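Should a chain be cited, it is by its letter among A, B and C, assigned in written order, with residues numbered from 1 in that chain.
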Amino acid sequence: MATKVYMDYAATTPVKKEVLDSMIPYYTEKYGNPSSVYSLGRESRKTIDESREKIANILGANPKEIYFTSGGSEADNWAIKAVAMANKDKGNHIITSKIEHHAVLHTCEYLEKHGFEVTYLDVDEYGMVDLEQLKKSITDKTILISIMFANNEIGTIQPIKEIGQIAREKGVYFHTDAVQAVGNVKIDVNELNIDMMSMSAHKIYGPKGIGALYIKKGVKIDPHIHGGAQERKRRAGTENVAGIVGFAKAMELAYENLEEHISKLTKLRDKLINDVKNKIDYVRLNGHPEKRLPGNASFCIEFIEGEALLLNLDMAGIAASSGSACTSGSLDPSHVLMAIGLPHEIAHGSLRLTLGDFTTEKDVDYVVEKLVEIVDRLRQMSPLYEKVKGV
Amino acid sequence: MATKVYMDYAATTPVKKEVLDSMIPYYTEKYGNPSSVYSLGRESRKTIDESREKIANILGANPKEIYFTSGGSEADNWAIKAVAMANKDKGNHIITSKIEHHAVLHTCEYLEKHGFEVTYLDVDEYGMVDLEQLKKSITDKTILISIMFANNEIGTIQPIKEIGQIAREKGVYFHTDAVQAVGNVKIDVNELNIDMMSMSAHKIYGPKGIGALYIKKGVKIDPHIHGGAQERKRRAGTENVAGIVGFAKAMELAYENLEEHISKLTKLRDKLINDVKNKIDYVRLNGHPEKRLPGNASFCIEFIEGEALLLNLDMAGIAASSGSACTSGSLDPSHVLMAIGLPHEIAHGSLRLTLGDFTTEKDVDYVVEKLVEIVDRLRQMSPLYEKVKGV
Amino acid sequence: MYSEKVMDHFTNPRNVGEIKNADGIGEVGNPKCGDIMKMYLKIEDGVITDVKFKTFGCGAAIATSSMATELVKGKTIEEALKVTNKRVAEELGGLPSAKLHCSLLAEQAIKAALLDYAKKNNIEIEELKDFDPNEDPHHH
């Protein structure tokens, strides 16, 4: 069935009209290679510089500290692998958390195979890292702490400033995957003590395939892609000019109306959470009750299985997710839900509804209505539910 | 001045209308994340699969052997670094040539710093590698040969099939940077004995920021970006769906009309070469006289300096290049022109004119007319020309 | 990349050419690094009455030669010696950092021409005692 209600904004977003409009000229008439010296090329270079500046200004960074990448995953890989390589004479220990995105976790696992040691911090039932455990984990050999800004599944927002403060005191670099936080949280990289930060455009109504890594001046890090002199010789490759323009436009739009965006989403999300809790029993909200992304509503609905639920929702025209999109193909329950202490069978019934700028109250009502029906139907055929209800 | 005649198709190309049209829906209504299970996501997945298939079919490859990247530089980096890492127990020796793109050369230099040994093959005056030297360079420790298909500056096309044959006989992997060859040469990866091949869409009227690496089944290579399960777990990151669609469309268009494209460009190029040679003295054509890309005309114009020439051409509305675009910012003469044996001062006067699908005969005439004027003026003020002419 | 002033001097370079029977001729640079500059001076009573140049070089090299000739024309030898590459670059509204070294060529060419003049006329110019016109300015 065609999608009627899209509630998976954390997976990706449509490109806003203003964003697409800003991109088109860079495909057609303004196609010059930014490295070329003639006017058509210089124009592209100027556009990239301006885009970089816009993004830097929003984040309180210097334009020279913004490096464009092909997305959030590349930014995560770059930050972690290249800081590890550049600082291995100093130490081989990295600290991260158990609820990171796979782009961080699998990169850390790769480094473990190549002589690095990684501490995966626990999180509490709300998905919060423990600052005391973090402090205790830092050793002489620790070169990097990588903790995500906000979690993509359960929406929990970490105490970034405090983590950065601890890192700075110990002389350890601090990287944060802010792919989900950007566009949803006010971010000043200096105020928050961030050394490196990953971003991705397609989560904030920009195009897929473009993102950035903020690298604070002075951070010792290897280049990521060798070749031409692009991105200050740290990330070679002809620049995705249209993508960069679209990313900058999306950032601008997101931060122009941040307060409004947050208050609108929070209101809709709270309505959704309350309605679901009121109309369905054996439901729990995952993630932190307050310190969460404005558009994130993540539930565990007991006695039903995630895939069956998603398929049913899809048949009702509702696009939703169970855990993160990237792992939808996998059969294992989400590592995030396991980390917050949910037992397997409950983690299996997770449902992530994420709201965005085009979500309406009517959408919320429709989703709740359909969800009640579907959950009811699935539970009727669940032997687990039968036992609980004693039917 | 606004660009009147674009003659730098080797640097980048405008996106063709059909290509852009094919991309737009994936920004607007078909924005689903390909990893999502609902219909909007499945549609994106299907589109990616179809695009992969189209590209694979054109190259005689299996769709499972095509891995999308953010462009040619990333593909080069991936192929070389990740084959090196995955096969270092077998050996630490890599063979490449002196005229590779910086994405290959700088990657090799990086590996040299990390315990690998690299042989940089010489080329003859036409930019051709010597197959005998190649054979002799292979040792027990050789794990990879990386030789570009066609050179971006001088247009010379290498004997790829023979190189592949030698590599195969010796049990060494063969990677080729085909960024300039794709869309200009018929390519069957199996016939040509290619194990890995880098491609980039923005050289063939597709968008910037998307490319691919062909990896033959069975090649032992590490993943490039760790994270989600995209690209068969070898290159994580939400797929640039619109970019992939545009890339496939561009490939389709390029190979639908390959013969026509080649014969049209060859004719225009030969006219350009002849006119320049007839009207300007002390000019030499760089690269192979026959085995060259259909759109490439690379000259050395003695007694004048490249940048001054380019600036003057730009003021006449002509977009051209001196050496490769990525190094235009650099003061060193091109490594390619040095490798074919040109002395510094001659290499400094290089001019690359590259023709493409929108080039007309009138364009060629205009460029020749302006070039004659500009060369004359610059030579009038050149103390070197003065000596030769004995003025 | 270049300021308007640089582009102006590049497009319409002043004082291009040569002077027959020049009183001083200086040629500096090194074809190996791509650039050569030749400066011709006409000097009467210690004053530079005419100046011409030829340059094989980049946009910055041409523009700085042109500007340098304007700055020394009508000046005394002492005044001409004060025309540094920094001054030339400033007069042009600045140069991109990668191109700053190009302006050195003009300064060197004027000095070389003055040295040639001094030698021909057996005069000693204090400021040029340690000056070597054959030194490659790119390798400073």
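Everything below uses one rule, namely that a contact is a pair of C-beta atoms (placed from the backbone, for glycine too) under 8 Å apart; a residue touches a chain by one contact, two chains touch by 3 or more.
Since we're looking at a predicted model, the values are computed, not measured.
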Taking every chain's C-alpha mean, which one sits closest to the mean of all protein C-alpha atoms? B
Among the chains here, which has the CA centroid at the largest distance from chain C's centroid? A
Give, as an integer number of Å, the spacing between the C-alpha centres of chain C and chain B. 41
I'd like the Å distance between the centres of chain A and chain C, where a centre is the mean of that chain's Cα atoms. 58
For chain A and chain B, let me know how many angstrom lie between their CA-based centres, rounded off. 34
If I count partner chains per residue in chain B, which residues reach a count of at least 2? 307, 311, 329
Multi-partner residues of chain C (each touching 2 or more other chains): none
Which chain A residues qualify as touching chain B in the complex? 1-3, 6, 8, 11-15, 17, 20, 23-24, 27-29, 31-33, 35-41, 69-74, 76-77, 101-104, 106-107, 109-110, 200, 202, 207-210, 223, 225-230, 236-243, 307, 310-311, 313-314, 318-321, 324-330
What does chain C use to touch chain B in their complex? 2, 7, 10-11, 13, 16-18, 27, 31-38, 53-59, 61-62, 98
Quick one: which bits of chain B touch chain C in the complex? Just the residue numbers, please. 303-308, 311, 315, 329, 331, 333, 343-345, 348, 380-386
